[in-house]
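Look at the two complexes coming up: subunit A is in both, with subunit B in one and subunit C in the other.
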Partner chain A sequence: MGAKGVIKKGEYFDSVTLMNVARRLGAVAGVTDSAVVMGTAANKSILKNSGLLLPEFAGAGDTDLLIAVQAGTETALADALRKADAYLKESRRGSSAKGGLRASSLDGALALLPGANLAVVSVAGRYAGGLAMDCLQKGLSVMLFSDNVPLETEVELKRFARDRGLIVMGPDCGTAIIHGVPLAFANAVRRGSVGVVAAAGTGLQEVTTLVSNEGVGISQGIGTGGRDVKTAVGGIAFLQGLDFLAADPQTKVIVLVSKPPDPDVLEKITARAAGIGKPMVAVFLGGDPAALGQGRISAFATLEAAATAAVFLAKGQGIEKSSEYLARRHERIWELAKLDRSRKKASQKYIRGLFSGGTFCAEAQVVLGPIVGAVHSNAPLQGHPKLEDPLRSVGHTVVDLGEDEFTVGRPHPMIDYSLRDKRILAEARDPETSVILLDVVIGYGSHPAPLDELGPVVREAIAVADGAGRHLSVVCSVTGTDADPQNRSLVAKGLEAAGAAVLPSNAAACRLAGEIVRGGEHHV
Partner chain B sequence: MIASPPSLEVRSVGERVLPGRYSLHSGFAAAANYVSGDGLFCIVSLAAGPGPFSLVADGPFPELWPGTAVVEPGLLRLGTAGVPLPPGRRYDGRISCDPADAPALRKCLIPLREALLRSAPERSAAFLIEPSRDAAFASPSGREYAAALREGVVKLLGPDPASGARRIRGLGPGFTPAGDDLLCGYLGAGLIAEKVLGLDLRETREAVGREAQGGNPLSNSSLRCAVDGCFADKFRDLILACLGRPGRPLESCVEAILELGATSGADLAVGFFLAARRFSGEAAHGC
Partner chain C sequence: MSSLFGAELKTVNIGLASFKETLDAVKAPAVQVAWKPPIDADPKAMAVLRSRKAEIAAANQKAAAILLSAQPALVGMGIAGEVIPGMKKNLLLHAGPPIGWDRMCGPMRGAVMGALLYEGLAKTHREAEALAASGQIEFAPCHEHQAVGPMAGVVSASMPVFIVKDEEHGNFAYCTQNEGLGKVLRYGAYSEDVIERLRWMEKTLYPTLKAAIEKLGRIDLKNIIAQALHMGDEVHNRNRAATSLFYRLIAPAVARTTPDGETAAKVLEFIHGNDHFFLNLSMPASKAALDAARGVPSSSMAVVMARNGTDFGVQLSGTDGEWFTGPAPVPDALFFPGFTKEDANPDIGDSAITETGGLGGFAIAASPAIVQFVGGTPEDALNYTLQMYEITAAENTVYQVPFLNFRGTPTGIDVIKVVEKGILPFIDTGVAHKQAGVGQVGAGVLSAPAEPFRKAAEGLAKRLA
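What follows is the complex of A and B.
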């Protein structure tokens, strides 16, 4: 007979839900008793008397949820704890469904909200095109979250929308901020004068949060979907977004975010930009800024640099000021790296980057390339080698965990950390690993309590390496704001307490990782 | 191309909602609790009704609430959105009563008990007024819980109320544990008994209020309000019905209060009933 339990911080349920979960757990084969309660002293006393007070509950407080199970076998314990989690999630889904009026059809939704003029479509790809077209025909612009929408459908939808003064953001558009409203994976940012058009979801999140965290706000964040800047689509939504920001009186500075557009699309963007009398900065990740920054557009190599330039422009200062600002940040990074570098063993040579955001994985290659040379990746940019087996790192490796090989049959890694957690520990055991590089993306739609899951894993990874006599550096960025439900500062502090170095941007985190393993002289 | 979104409309502002910058503590489908130090305010749906530290709002409730809220004179800032606070719609949860209400208070006890037994949820604290309801707590830990709550309530209603409060504060599953809700009910009945029955309960109420404070900001705010005689709308209606005031009939008020939380309303009403019965001399110590 044994007992096991877990603490869930910041999760609140009503008493009937918790009692029902406990009752259902009691019905799990092999379970003799269970309790699901808040961690108050009185409840701990009950658990103690029932033989369910576990040592790990000692530090739990009044607003922590405790799940304790007593069972005859290890298997039954594990099964019950897994089911507890599922039952709680189930109840959450049930309660949210009761939270307000829900429509079961597009017409029903329009009847509930007659003034609506934007629909978010998130259904299986094969149905998404038809539903998006229904929305357009009813006069609604569309944010098409779904992926696996055929290219020809995307083109048809976007042309249809453009001809009617509507826009289709997507497919595979995960982020947008429209009139201050975050849609899908987005963040609670300040409102302000910087408008963003992005063909990269996490890129849009990074730029908008960096701008917001520097005290400047966002007027609009318009997503387009990554394929929009390819020749086949012709940049239809990207150009519409640009036109919208040009006409928007709130927008004083425009930021363009994408992987390098196809040449003909870039030409169209450049031509359109020539007629816009607002400062414009761009980051076309993986492209040559000198070649891509044409006409009125100032192009930068990283999201951080573009966002910082936009901040200084919005404040009425020159772009050169932003370069000075970042140069000072690089100095501090170099100092930090020097400290870590001196504690490494000779075998610790490599960076292992595990990214939940594809754009961050690309940015890592952009930043690390000049510092450490070739970086293997399952999503390599030009000039970097393809990782033969995405599950096994080779030399310097950065992995995009959002790629299909990792996401089939499981939630996106911004929501489900389990795969990355395992990989972090595997990399920590590798004697060649010097730095584990992570992105942590918070905000709406992302993991609601990243610290609960990632904090213990970071601690364990560092301890695993330490046990083998190695100093492991865990370097990460937290994309988000303090106004996000998870609160960026709290997440960052928690990760630091776990032993990670938390940098203000993904580019800065990559730079620190690179400088730790570089071992050479100071380059700013 | 795309218009501003519809926003919440605030219908009433509790008198304890104070200006300041708050952080999200907990969010539910139809309620969100924001804290700032010891202070707290809640945004609740129309169905929950007004309360001393509630903003009652009409409109689409977000499933994910913004992490920060700023209350300013006339304005609530939720994340990046601003919601006007209507002037002149301050909710005042105090009750005016005097010894003339004593007969009605005594008379309400039987129908109140019957109404609670008819409608209170199976797993609420109503087992304290009807022992056969213990069956709902059959597991070993469930039995422990029921026994602890009973033991604490016996002390609360006996000669050592502060010790009883210590025993049951934070006791029970759920975001606001049953013990905390019972204590709010007890404190409400204590204040009414002071005014209506002429008992000197001030020190007792204050001691219980002090001992009942724990680590749950929502419970703590409710308990402070109950000590001060400042009640949520549904609890206030129930008390007024118990005092025989014109308005909603007692049965309807019981039904309304039972809608609060999963068992919170029932636990609150049970606490009120047990204490009112004790203070009016209708029951000996204990339950």
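What follows is the complex of A and C.
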């Protein structure tokens, strides 16, 4: 058993490319562990934790590429290092062959694409702010996917943009849909009359896909990043988005999606909404709809309720029709739950929710609270207890697998299912588990073949419980559309074939999970 | 926000390439920026440079204008000891930044020994080695004596040199005659046949060419280089067209001025048989133009990139003669049969003066044949040249790339842009064997190392602070 490392001075690759190379390297025969990372301090500490911070990396800096391999034999080591080189070369070749001419800088890009009006920035956070400012100065609006951008930088960027008639979506803006074009992690939705402003990325995906799946379309989906609605930022992008949708002739109905804004920001939003003549619905997830829905805005507790209201409003029908529609859905869910409930053992008391989307984890607490009471979470909403050890479920537990403790040094759980796969099986073995609750997010940027990976795991989980004489319920939603590369219907059918119940929305899935474990009487 | 929502979405994607693939999949117009992190320079120094941005930009504009207006011409030949300022019998000039015998690489040491044998200062290679190490021989960079030398670049007092004049600014540059390929002094060979060839070059080639040049009066090198770029040269690693153009000019004069026909034929055959003959003219032409652009206060434009096989050195217009150095990298090369990267010496030679002047790797899009030689495609060549526009102060007014619609080559490296954009100058070059005397083992391309450019930016900031 030995380990060997190579430094490639000044060779830069983006993190996704490196993860792909690392993944392929891990599959090389004889390799027990490997890492391919840029030599930043953060990456070095990750290497240290996995025992791969080799002495040869001592002098490496931020712009040096580090390749570390651990293998059983010298030959395997040499073979792996050679392959790492080949994979890296391939990635370069791929990008130059497919992409044609590439620019090396913003100026170069603008020369190749005159009239460019948006920059999508996804470089490491400490560089992202400066790059975003360059883009604004050249007259481009910015979608800032990067996170770890300082708050004061965000404020500076957003003020600068607003004063020049531009907008900064983000930082930490995972998704947007402009003129029907999906940006970053977005879905292929119908175009139509519902405009959305969202300070929650997965929330935007859920609302736009639910609207689209009901046959209504999206005019624009504007992301703002989660911090926009904090006092420090003052809702700059959120208000810009609202103003735009108010004036946009394509937009008939406006949906606002966010965690509860700070009170002064909410006040601004409410004041702005007072002058808008279009129907407006909002979901301020985790807040009290009665307190938040003021003036002309109708607020709802869940993404599902807000999206459905928007659908009915867009069709020219009243909000009460939407409530009736959802009540019928709840009725069906209750019927479904009864079937499962009767097959449970006494020990099976709890829901174990494993979420790749943080917004879904929050929505789960909103839906489950009234049905089952307190729910433990590593990202608890007010009134719910903090899960002490995110790796160990306690009672009813919902885990956000996108939180930092799970994602440092590995891809986001919407791309890399491996961590959740293991956790699903662990929960299945727990005699207290009654329901495993999942979100599956498809669309551009997400896992290209979710069924291939999740299907067998669901089957195995159910079989494991079955072997111990327990009926395990696996309940999930699939966020996406049939136009997405993965095709929502195909994924849903496949998961049902594997034994999962697939619901039309995350809120509906949470409700089914809640009704399965709830004792007692029918209650909607 | 009308610019975003009021028009078709056109996206510049900076970062994750997968987002660009999505845009391609839905047929939305988009361009990928191959973004690289900036070089890790002292933030205080970079803040100083940012605060003086306008002043530096104006200085660079001035320096670049001088560089572009230079008119290098071959005006004569002479003996190094008689024409190169400061040249003397016990002084050897070498390529790259300053270096002593103790740190010299194999090929540089071999060339030093060869030069001492050629000068008659030593009788055997052992004697030469002892003399070089004794401290009695002084070493200095060619660049500090208005000269340039390819590979080891060793110049001794008796060697004949070309005299190139920047006719616009009146300064001179000097370079030896190119020896050809194979076992040659510039690759560190010092065997008897190498010394014999040097003697023939001194006794026969030199007087013949000198007379022919005198007959012609002057030869416009800028003009030859401009034409050669239209004929597939980048005049660093490929000089076939430029050598042919030079041959056409010089041949009638050689015929007229050489007393015997056989000598004339031998000299012309020597030039004809050496595709790199013109390298020793493209280099001093670049050197003369860049030397004219020295001494513009506050300018961050490089006037020298040079390697001695151990260190890579940079000088700026705005930092007088100060050298900024870092370890020289080993080129990524295609090797001649029988050789591998293990045999290669780190980058060596003053020939990167061509890149510094907007030629060589910076003009590689004009020279598709060279790209193929180093294992790339014409599209790669285009991307290399396009990338260099990101770090240069100007576009050449005379040297052009036909395939880029005759756009001027990227000229005048701005080290601040290099540091800020993390884009390093691209050099295509010959590769020497790391042992003295073996010769060339391949040809290849490399990005300049970051360290000299980081230090240069910090050095300029120190002067401005």
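Everything below uses one rule, namely that the second predicted complex is superposed on the first by the 425 of 524 C-alpha atoms of A that agree within 3 Å, B and C clash if a C-alpha of one lies under 4 Å from a C-alpha of the other, contacts with A are read in each partner's own complex, and residues count from 1 in each chain.
One rule holds for everything that comes next: a contact is a pair of C-beta atoms (placed from the backbone, for glycine too) under 8 Å apart; a residue touches a chain by one contact, two chains touch by 3 or more.
Predicted, not measured: the structure shown is a model, and the values here were computed from it.
> Between subunit B (first) and subunit C (second), which, if any, makes contact with A:323: first, second, both or neither?
Neither partner.
> A:61 contacts which: subunit B (first), subunit C (second), both, neither?
Both: A:61 reaches subunit B and subunit C.
> If you stack the two complexes on chain A, which partner ends up touching A:26: first (subunit B), second (subunit C), both, or neither?
A:26: touches subunit B, not subunit C.
> Looking at A:181, would you say it contacts subunit B, subunit C, both, or neither? Reply first, second, both or neither.
After superposition on chain A, A:181 lies in contact with both partners, subunit B and subunit C.
> After superposition on the shared chain, which partner residues are touched by A:166: those of subunit B (first), subunit C (second), both, or neither?
After superposition on chain A, A:166 lies in contact with both partners, subunit B and subunit C.
> Please indicate which partner A:270 is in contact with in the superposed arrangement: first for subunit B, second for subunit C, both, or neither.
neither
> Just subunit B (first), just subunit C (second), both, or neither: which does A:121 touch?
Second partner only, subunit C.
> In the overlay, answer first, second, both or neither for which of subunit B and subunit C A:9 touches.
Once the two structures are laid over each other on A, A:9 reaches subunit C alone.
> Determine, under the contact definition given at the top, whether A:444 touches first (subunit B), second (subunit C), both, or neither.
Both: A:444 reaches subunit B and subunit C.
> Considering only the contact definition stated at the top, list the common interface residues of subunit A for subunit B and subunit C.
10, 12, 14-17, 61-63, 95-96, 99-101, 113, 115, 117-118, 141, 165-167, 178-179, 181, 188, 244, 444, 485
> Hey, which residues of subunit B end up touching subunit A in the complex?
1-6, 23-30, 60-61, 63-68, 79-81, 121, 123, 139-142, 144-145, 148, 152, 167-175, 177-179, 214-217, 261-264
> What does subunit A use to touch subunit B in their complex?
Subunit A reaches subunit B through residues 10, 12-19, 22-23, 26, 32-38, 40-43, 45-47, 49-52, 61-63, 68, 95-101, 113, 115, 117-118, 141, 165-167, 178-181, 188-191, 217, 244, 444, 482-487.
> Residues of subunit A touching subunit C in their complex?
Residue list for subunit A touching subunit C: 9-10, 12, 14-17, 61-63, 95-96, 99-110, 112-113, 115-124, 127, 131, 135, 139-141, 145-146, 165-167, 178-179, 181-184, 186, 188, 220, 240, 244, 248, 444-445, 485.
> Touching residues of subunit C toward subunit A in the complex: what are they?
Residues 1-5, 7-20, 22-23, 25-26, 28-40, 329, 379-380, 382-383, 386-387, 389-390, 421-424, 447, 449-450 of subunit C touch subunit A in their complex.
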